[in-house]
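Both complexes shown next keep chain A, but they swap its partner, so chain B is in the first and chain C is in the second.
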Partner chain A sequence: MSVARQDFTERLWGSFKRPEGPEPSRRKAFAREHIPAWIAIALGFLAWLITLPPFLVRTWIPSLILGLIAFTLALSTLYGGEKRYGAWAMIAALGGTAGAYGATRSGVANLEAVVVWGALMAAMLRYATPLTFAALGGLVSERSGVVNIALEGMMLMGAFFAAWGADKSDSWLIGILVGVLSGMALASIHAVFAVSLRADQIVVGTALNFIALGLTGYLYVDIYGDQGTPDNLPQVPELKLPTDSLGFIGEAISNLNLLVWGSLLAVLLVWLYVFRTTRGLRLRAVGENPRAVETVGIDVFKIRYLAVIASGGLAALGGAFLSIGFVHSFGENMTAGRGFIALAAMIFGRWRPWATLGATLLFGFSSALAQRLPEFSEQAATLFQALPYVLTLIAVAGLVGRSTPPAADGVPYQRESG
Partner chain B sequence: MLAVSRRLALLALVAMALFGIAACGDDDDSSSSSGSATTQEQPAGKKIKVGLVTDIGGLNDRSFNALANKGLQQGKSELGVDVRVITSKSNADYVPNLSTLAQQKYDLVIGVGFLMAEATETVANKFPNTKFAIIDVSQQGMKTKPKNVQGLLFKENEAGYLAGYLAGLYAKDNNINTVSTVGGQKIPPVDHYIAGFQAGAKAANSSIKTLNGYSQDFVDQAKCKELALSQIARGSGVVFQVAGQCGLGALDAAKQEGKQGIGVDADQAYLGSHVLTSATKKVDVAVFDSIKDAQADQFKAGTDRIFDVKTDGVGIGKISSAGAKYQADVDKIKAQIASGELTDIPDTVGGK
Partner chain C sequence: MSTDATPAPGGAPAGPAGGGGATVGARLTETLREGGPLVPVITVLLAFLAGGVVVALTGHDPLATYKAVFEGSGLNWLLPWVTGEDRDVAATNLQQTLIITAPLILVSLAVGYAFRAGLFNIGGTGQYIAGSVIAVWIGSTMAGLPGWLHIVLAMVGATLAGAVWGGISGGLRATTGANEVITTIMLNYIARWVAIFLFGLGGPLQNSAQPDVPVSNDVVNDAKLPVFWGDPELQGLHIGIFVALAAAVVYWVLLNRSKKGFEARAVGFNPEAARYSGIAVGKTYFLVMATCGALAGLAGSLDVLGWQFRIATNDVQATELGFLGIAVALLGRNRAFGTCVAALLFGALLSGTSVRNLDPSVFPPELAQNLTRIIQGLVVLIVSADVLIAMVFKRVRRRREGAPVGAAPAEVTV
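The block that comes next holds the complex of A and B.
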């Protein structure tokens, strides 16, 4: 940069200088200097929430007041030097107020049709489940240091073979088993090339995506021909809970598929294993500094192999949900890019299980909402469909702060000779 | 690594393998070339080459493309023509697929669907000696009105009206106050169905509420299933799917929630007892008739051919046991449409 331009940007951002202290990514999210920002975000949400069902405040005034308070807090955060938190607080303040204005201008009937919290939550969970499984798979693999771009392919394998297995054995449980095994099989190819042969992990992953697409498409046409999968395909059952009367959350969870609950359980299990056990620590160590781990005598290759194969199994579970859990059939390329959205969710969640769950729920919510928004404007229907992808862009563009992968992620490990 | 000479040998081997594969790719040219479009009158049963290019929904949509293929295969078995099907995976495939068939001197190339209207016009103008038939597109509506194209149009609104009438009657007797439609994309054939359905439902049951939504996708079943689930959550008791393969997801939603579904294009009654009926569109008949005409040199290019209830080109499929008692009423309406007594069935979906 030229001296003049440097001087200009310094003067522009000068007032927003970050205070001295530890690196931002290591400062706690709820530290004292961030609290005004969080309040601003909460107020922004509240401003919008009160204009939606079931509150349906029809004047803009309360929201405007809340928005102004949020705006002031956001400004103060920015002047305190917290650029990122300040930015989000500003977005929440302005967005919440604008959303509230839009809601007060829309018809109550439309609002009530679109914002049905129970149905929205249920749809959010349904959409998020395959993403959660795949993102967890990606997380496990990348925590061990192997980049796994082939989540999409593993998901597709899981979807097809779960349907095929369930069909041949008349049992959804065996179907899930077969699906998971097929995902693991594809993942083992990835492991061989990425870990032992030290190939470029992204190229291998891409190739596996194509292989999965071709293989499942070919087998589908070969085995099921023109008629498609049979109509009596065994289905993963729903778990019916008697919570219908417990507000919108009760409504949302009253009739969810077993695998939806499975995905939440998987988040818990992955978190426990990777972050609370010794083996999990070894896994993370292999992803950060494999050479150090090797000197202690732990087999880096074995851990990476197991991690990649496990990631294949997890991603395949996501695919199995799609085919025998939700749609009850298989269609060519039915995953339609969900594996890649799962990757974005993993990065959004900074390679941590609970944050990843939050990310997939966010994507699920945006999809659920996008599907109902055409109620307001049918012409813009296609535009609303872009909502989840816009969020993905925001996520990976770094607006969620510096997302640091494990240090040895993507770097093939080479044993020192001698 | 490998010595230079070994590397060259490997390269040559790979190149030869690729050539071999490419040569094996096309298996139609070797068949007889007697099917030229300009031969003199020959006895019926002459072996012409007919090609079909499907839409993005794929052959497994159990409705639109599957029916077209059914007509094609019927042509092969009953009329003895040579057939070939090319499936399109995306909009970008239309022109290459149609051109491939035309370049290989196919006598009749059939395009399936409104989405390939422009592609068909372009390719038809490039290959004026090949006959084209296009389903759901009006040749008269094309900008250049190519003289080698015949449009095969259907009065889907009449079929939709019949289905909607049945849905309205069913709803009235079963305490249902909402029926809904799940469309693929907002294109004329889809909207014809929906408009007819809404009109028919209101005619049978004036207080009925109609919901409508578009999944923007003819393939991904999960999208239509979500849409149908949200419509069912808003009170819909009958879901009419107009979305090809994606629509199968909507029917699955109806099955899962214990509601009624209505199929489209083909008779989808075999999918289960939850399918009340189907709004049928005899695409297979249209395709077969075109092949028959082309074979007998009676192909009326440069015009449109319209299939409606009167000519038995559209109709209503098998009514399930849940709706069996309304069969007589529906037949009466069908006769009224056929005779011209019932007209002015809307074919555009109006505002809310």
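The block that comes next holds the complex of A and C.
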């Protein structure tokens, strides 16, 4: 497979081969050869931005010029052999110019109705939060070498049981706790089958998604019937900040749910844990080469169990935010595929916390925009909903940079007998 | 079946002992061969038992529930002592069951064929949607055509659309190595949103007579599949079931008696070995996924031309057929006959728990539909523990053959 992939890449990018010289460092985002690409990306965005409120340039000539400069920079990056950065720069240049053209062709009133930056940013953060929690869960699990396609089911468990727990105990905190525990319970089943019984992880995950969907739907209908969850469901409080005067960013963050901040904190914590601690190193090592880890006396099974269960807790937290932080009720199948988008965000973010956050914010932004676009064009809004999936398809296809999973991801570990 | 590459007898327990053969399909085909037809029966019984526990725990009567579901599915028509009016009701219910069974067989074969080639096709839903969109488009236009030609055209179009949708995943897997699980999931959602765009308000294929209803145009009368059992006005059984059964026969021939099928199985068993023996693995991936997509796309055309006749955006959002196909394929062990039986079981469950067929005084249909999902999940979960099942059966077999149990290579977990 890797041979086929290499052949294809060469065929596709053959003419853009980097000239002789040392391999560029992959880790440094701001290496010298990447600067033109970053400028091109910035210019592409700028080209689009100047046609939107509050700037509202009504002719697309300036955007075209900016776009052309960005295009040239992108081309030069491609010829320099930096395929990934060059491709992104190219997308930014073309997309920015196209967006600018579209914006200059639509009415000012429409633009001002759709593009309210403060509200858009706040909505972006809200839509991104459940995805961020779940994607972090997926990241922890897959870094340990267990594919977790049951994120969807774990979110759904979290969403239902958080609502149920909050309703029964009259406390949102206990609701969250119950929700997280339910996600962990489902994850424990995943761990038993995927780690101990070495069942196929994707098949188990699919099974758990069915079970979570059926179980939450069953209990919901049985407990709440036609009435739905009560209106006075305890809610996770909003955190009010006196930042309204600080421009649109201030507006965006002045009134956000506690769990939105929690998700950002979770990114920081997961990053610190996975990439800056010894235990995190072990976790990643188990995902890359479990046998080597075991030879130095570390328990592979234990690490995988803990990672999968933690993953369930994180995903359930995202579900809990949905039901008692965002929508304030529970409905059957309310996650509606968000677990799969989270999975996509994690792949898009290349199994790294900050890049994953970037992906969830991007997906959150496209949801926020899709929610506001119907005032402008119903059909455009519908097509916009498909954007995260198309982007992910492009990302996994490796056409724009390659997403390489942990080496032992999805491979059940078997101890050597004897 | 004897042409299957079997592992060395007494070798490692199910699953790859390291090395390159670690594909889903290899593990499944290898282990599911253990144990004969008894394993799926045990699986189903266990799943129903666990589902019954859920029913009992929430204060309902499991036996009465299952009996009502059984009667709702119309399978009691097969019992000779059901007569009179009961028999007529049963016949109507059985027609509904078989209407659901037909596309389910096709979607499940689409999952099963991919499994045999070591691929996991979660994209049945997207391929089904692609097929049904094209079927409704062809079926609702070209009104002048003769009926049979119109039907064939719509079916072929749907099959091709599904093949394209599946082929994208296969092609990406072959050229870039993109994991087909991820790409098929993404293509499901893309198909879904594109269909909602097409049939949504103001969409290009939205109903021309009712501009404020998000639904497609109706399939013209000539392009509807003929009904051969029951009243055509009351959604009698259309001939789609024969199309599905014919596809199952083709599936068996393709898989077991053709070169392409052999290559698919070889790739599924061990892609590296297949490559060394001269099989074009990438091309096989593409062809297999395109074939799977074709089967699922055909399923879409059966529903559209057989009983739906139009697609609303709600239908597109609600379809779970592709996921159901995974459970059916796993239960039917990716084989033609097994898949048909498993599809009948799940078709019966679906129609038996539908609002239309289940007696609400015995058990609320809304609950029963979720019960179906639980049972479905449990079936997949139990089948997934291939090692467990294989281990049990190896032990039993060894004991029967008189070999010491201790010699069984079944030290799976510690």
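A few remarks follow.
The criterion applied here is as follows: the second predicted complex is superposed on the first by the 384 of 418 C-alpha atoms of A that agree within 3 Å, B and C clash if a C-alpha of one lies under 4 Å from a C-alpha of the other, contacts with A are read in each partner's own complex, and residues count from 1 in each chain.
One rule holds for everything that comes next: a residue touches a chain if its C-beta (ideal position, glycine included) is under 8 Å from a C-beta of that chain, and two chains touch if they have at least 3 such contacts.
Everything numeric in this text was worked out from a predicted model, so none of it was measured.
Superimposing the complexes on chain A yields a three-chain arrangement in which chain B and chain C clash.
Of the two partner chains, chain B is the only one touched by A:Phe326; chain C is not. More residues of chain A are in touch with C than with the other of chain B and chain C. Judged by the touch definition given at the top, the superposed model places A:Thr382 against both chain B and chain C. Once the two complexes are laid over each other on the shared chain, residue contacts for A:Ala344 go to chain C alone; chain B is not touched. Looking at the shared chain after the overlay, A:Ser196 reaches chain C, while chain B stays out of its contact range. Once the two complexes are overlaid on the shared chain, A:Ala368 sits against chain B while remaining clear of chain C.
Residue contacts after overlaying the shared chain place A:Arg126 against chain B, while chain C stays out of touching range. Of the two partner chains placed by superposition, only chain B is touched by A:Met334; chain C is not.
In the superposed pair of complexes, A:Leu173 makes contact with neither chain B nor chain C.
According to the touch criterion, the shared surface of chain A, contacted by chain B in one complex and chain C in the other, consists of residues 332, 378, 382, 385. Residues of chain A that touch chain C in their complex: 1-2, 4-5, 8-9, 149, 189, 193, 196-200, 202-204, 206-215, 217-219, 221-222, 332, 337, 340, 343-344, 347, 378-379, 382-383, 385-386, 389-390, 392-393, 396-399, 411-412, 414-415, 417.
On the side of chain A, the complex with chain B involves touching residues 113, 116, 119, 123, 126-127, 224, 226-228, 231, 322, 326-329, 331-332, 334, 336, 368, 371-372, 374, 378, 381-382, 385.
Those residues of chain B whose C-beta lies close enough to touch chain A in the complex are 58-60, 62, 66, 69, 186, 213-214, 216, 219-223, 225-227, 229-230, 233-234, 245, 248-249, 252, 270-272. Against chain A, in their complex, chain C makes its touches with residues 15, 17-18, 22, 24, 27-28, 54, 58, 120, 122, 172, 174-179, 181-183, 185-187, 189-190, 193-194, 196-197, 200-203, 271, 281-282, 323, 326-327, 330, 364, 366-367, 369-381, 383-388, 411-414.
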